[in-house]
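Both complexes below contain chain A, partnered by chain B and then by chain C.
Coming up: the complex of A and B.
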């Protein structure tokens, strides 16, 4: 009889064994996820520094490969972000759960997991180390390293320090990985385009494996304000987080602990709350029993007198910037309709969130998108490209809204953009591609779309009117020459000159309305 | 005719030359401008005039169509060709931007041109589809191109001669007939020809094939006016038959702008409501629609005369109607041998 063997696994090991849940399920999807994670880290790094991001992405094939479906690619991403201090580089790129993001404010990633996952995926598929160069403004540190998966730490093969004459600041990373570019090409370009839509202040350059250059140029250098870090709201805390806070924060009693470590908790709130949780105010936090902690956490969900969560930790794109981004990437003209709405902050389960939505329609959309609804979904400025049908945004746009109210028919070309920002996006899976239907979120998304769609009605009416007037003037242009022609034939004379009459009714838009005034219409047959 | 059309062309032309949106004046054909003139015993257009103006978005298309139709008519007249309503409609379809959505629209514009010129469309060589015919001792001389001077006697054709542009434009040379007998249906017309009714009654026979076309009414009028022949009309005893007779006698609202189509002296000789009773004719009950139509006719000014009011009342009273063919119960020749002689005697 053999004993089962127990062994603990490191976080790196855990993610190595479960890489599909982080979006590395197959070569094409892994290519996409790796690019996405690296680009998002770069954007965050530049935004933190308050400079408009400049991102360079290159994917190239390793030379002399057999003609197989999956190939080895070199992924290179450069940015102008904060740069990573040399002493942190091994941990940031070689250790799971290490990063600058473990605090409560809106950010693209959460735990700094993605970048390391990309490195790890490259390592396990190609056995090649990762190359990293970074500078925080001083010298450039170059690393060649890989991850010791079992021990969750970096193996550094080479560390060189170079002069930095151009004062470059930022990070460049190069990963070799097994991938499948041909299958993911369109998604990848779509991802970059949509990123450019919600990050209109970023310049993104992309050179693909076939050497083609894609440039997504910024439409503005204005950036939305950075989110502030805030204390967690009591509603959103769970038992594990609470335990960790107790372990790391000093406080002489539970009342002070509540007041110091959570937002919106003053002396009176703390007292009333503890009374409800049946915990003495004097209790030392470290003396709380596990049962006490569970009771406290459960009570945070029941106590309804907490203030609403603070929204300064959120950073919506803003109506102006979002409009700039959408207009730029969809190549809208003045003849198209666009309305962007940024809603007031709202909360679900103790997490603050803000919904932004845009509704776009017009001739350009008909040409580029065809008829019907096209949805662009974003969460914390990340485009969501997969599993559209299962998300809350799809539901709001397709099920909750009666489009007829806005004069929108099923064949009206319509683009709907929805951006949800929150300290915690209610993703349904670690893959982060679609959001669960929290009722508060669903309601806000629906209202945001409705608000943005409100102006469509007027736009449609105006367009119908212009079209009608254009038709009307075309009628004159069509019939006057005929009248001239046949009256001349009837009278057996040379065709008369009708230029003057035609000039009175020429169908030049936008002069239409003015011209119409010059051509008064006789409405009824007048009797005499 | 040619001159009227050229004049219309000049009118429009000059307006355009003066940099005005062209327009024309014409009598309104709307129903409230059609009035019954008891003196001449037919419908006429009232005094109301309308302007059809090319500056009006709703007028410009029919205006253009009117000018085109005028040009088309002029082509017909100068080339001495004839056309039909249907052909005119299809000719317009060959013209970009002129085309009609259906023939009714085209027919309407042709009527507008009649009003604008104050002339019947036959004068500018547009004819309705031919379906009525004429038979009897009438010698005519054709004037249509290719047949000029050729003569024929209408008894030469036992099926009757179609009343088309050629007959309409022909000269009537001589006739021995002393009356005109108008019949509503082709079958009865054939029966009468077969029974030599034209000889027996010394009559010209005309069958209208339902509501008589204008050219047929014009010929009836002409035979009455020029040769002083009395006209007798013989139709079904139902609201539709009555009205076929009435349109020959007093004209239609649609042709209120024209003269020379009505024959007020024509007599309706049957089948009368009283005949149904007197001759014990096989009948059918009136339908709801018949009822409605009879009441409409009672209110129509053309039926003001006590004779007509009484005939309408009889039908409403007995609630029955009878067709010409009903006389066949007494044998195929009864109508010629017995009924018509009795009627014409009266």
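Coming up: the complex of A and C.
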């Protein structure tokens, strides 16, 4: 009869032991995840500052290595973001569960893990410290450090403060890590391309280990408005959150407390709500019993007259910018058709979200891709490249929509882009690869694709009509001279000059196309 | 130009904010996950004690609730396991990242999270404390407590010590939580049934909220041998682990250090390995430079003469027990065919693993399920019920195998059971629903299914031959009397007595079947 041994481990130690759940499962995947996490931090940092991001990424091999699949690479990412204040650098990159991503607003990062995990992976595979330089506009602080994994804190080997004559602002980080570049090469480029698609105001430069330069140039300097931090919506609150608010916020009574600490609760709503919860308006928040708190929280789920969650904490890309990004990265021409839709805000479990979708078809798509649907999936402007089949977007595009309704055959080349933004993306894993099913999200994604697809139906209808018209005119062109000649012979006359007649019916094709373009689109709703 | 705010959060707070990554995404799923985590802890605790588990699960509704989908349930799980020593109870159930699951051996739990997460979910949805009673054989300790989420520690409201006249040993836990029973009812029963399939030596009693009693009785009291804690295999070691060993273990030189702290490293292996790593055998471990350590760790990946990882840290179910469990829970009869295979140990990334597979076909399967393959997936004796299509087992069964080779048509009803056991299951998420692709694992799973399927091919061949033989004998039965009569008339004689002749060719069917059973199985290898 044995008794197990018990022990406590630090958050760093937990993720060190279980790094695959954060996306660091093997050298090739770790290379991908590290790049992604660092670039996302950089984009977030530049957007917070309201400047168009300028990202420089370089992956290089350490010299004189054996020719094995797994090699040591140096990963360097530089940005023009806010910069991390010197006192926070060791924690931001050396402590799991320390970060700036814990506010209620849309952000790429949500777990506050990525940067630290990249540093940790480098350290455990190469034992080399990370080098970080950062400036918030003043001096430049350089750190050489690694992570004390068992204690979840940074070991600082060197901290240098330098002058900053060029007033550089931003962060540069350099990590040595085991990687497998050849296996992940194409995914990395695809990731950068898709990032450029949804962040069309970013300049991204990438130098790969073979010295090749990839430039993803911005197509605009216009940026979507910044998301704001908001108060929680009462519908999404739980007992723990409520207790924390009571402990930290001052209010003379529960009515004021409700109005001050939740979004969209005015005097009348507060009164009616408290009446339903059977709590006196004048109760002091700190005097509420545990039972009172439970009753209040339960009532938030039942009271159905709260305003919808406000969406200023969200930052959709917008139809114009998304069209710019897609057109740029897919190199669309005038022979292609693109329809972009940004839906109105919706909510699931008290969290607001917005779905954006684009459907693209045309000659370029035919050339670029094979047959059928190519899906680009994004969540809070992060491209999701893995586990496509597990996610809600794949299901919406492939299962929920009857494409024939939109005059699209199953082998019609089609690009579908879906972007979901929310204060809370329902990721199923810390590796942020795909989203858990939420019925409200699935419905909105399906509707967004449908709305964009309706534009395509008009385009497809016109294309069919133009093709038919061309065929009709070709027939005139071919047979009218013959008929004229034959009739003339029958009547024993000279053949007439039919050029005038031909020019009447066979008005030039561009002109026909133009006229057909003006015909209004078919807009009847299908019954699917 | 704004600057983000930084903050640190506790591990409890992290999982409170991101509970969906641990499987607590909504009331129905949370009900399922809470049951699963508690039952798995109970099974682990009883197995550690080497007694056949006896688990009692009860889910009941709190009285006088409104008739909504989400209600408050009381979840109670009792076991006959080791019991948790009183001083550890508050931490085991009130602190994230505290547990007994951090050793290098096979266990159901691996994250040390599940029990605490169930307590936390109960607390944040109902604000009720958890009740825990536990005894390691002496007195019974009862706790009423909850979690201080911001500080990742237990709040103990009450601790009572009671006499234990019946010498009860085990743990009982009672959690109040928001749940949605009706949505998850069938999954819960399926989970218990599948658990009973791979733990055929457990007695599980379940009383559901409607008062219905489900009993899953053990089919045997035989248990597979306990897994042992083992030293790490050098191939799976990284710089961090190596550093930790150096810091805590004593050894007079690196050669002894290698032999003492890694499995399968004898004097000769240690010498050859250190020569390859260019480290003097006499170096004191604490004098190794960081570069030395990196070189040693790198060399572990390249040195290919280590022994295979030892598999005593694994505990496969075994062919006999697995057959008992499957036969019991699928209620197989003599008209069904089952083939169970336990493969030899393999390794991925330095972790040992064993795959077990069973293929079942026959009349019962035909009746129980629709057409095609029904897949039961298990990892370290945990049933995996969600996200089937994302996992490596689904891929192996549906994509990698040409079933026609085994005389199995695509609509032949077939049950496939796959169990993977390992010191490290490559789960993709903390929710433990499916496994990341590892080529070695995929290959072994495919081979295990193939091996079991070859047994089925023999069975199918015999079934085909029996059917053919029956048809042949039916023809004799039908036509011989006619022929006899006709011939007799032609010859103007009395028809002969053909009964004797018939009895010669149409030996009774059971006899034919028996003889055909004795024909050796076709064992040629296919070229698939």
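The rule is short, and it goes like this: the second predicted complex is superposed on the first by the 389 of 528 C-alpha atoms of A that agree within 3 Å, B and C clash if a C-alpha of one lies under 4 Å from a C-alpha of the other, contacts with A are read in each partner's own complex, and residues count from 1 in each chain.
As a convention for this text, a contact is a pair of C-beta atoms (placed from the backbone, for glycine too) under 8 Å apart; a residue touches a chain by one contact, two chains touch by 3 or more.
Source: prediction; values computed, not measured.
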| item | value |
| --- | --- |
| When both partners are placed on the shared chain, which of chain B and chain C touches more of chain A | C |
| First, second, both or neither for A:49, with chain B first and chain C second | second |
| Which superposed partner A:221 touches (first chain B, second chain C, both, neither) | neither |
| First (chain B), second (chain C), both or neither touched by A:410 | neither |
| Chain B versus chain C as contact partner of A:16, first or second or both or neither | second |
| Partner chain(s) touched by A:124 [first = chain B, second = chain C, both, neither] | second |
| Partner chain(s) touched by A:490 [first = chain B, second = chain C, both, neither] | first |
| Set of chain A residues, in rising order, touched by both chain B and chain C | none |
| Complex contact set, residues of chain B against chain A | 5-6, 8-10, 12-13, 16-17, 19, 21-22, 28, 48-57, 59-61, 63-64, 67-68, 70-71, 74, 97-98 |
| Residue ranges of chain C touching chain A (in the complex, touch as defined) | 1-11, 13-14, 16-18, 20-21, 25-26, 48-50, 68, 70, 82, 85, 88, 91-92, 95, 97-100, 102-103, 110-112, 123-127, 136, 149-150, 238-240, 243-244, 290, 293-294, 297, 301-302, 349, 387, 389-390, 426-431, 433, 436 |
| Residue ranges of chain A in contact with chain B within the complex | 472, 475-476, 478-480, 482-484, 486-493, 496-498, 500-501, 519-523, 525-528 |
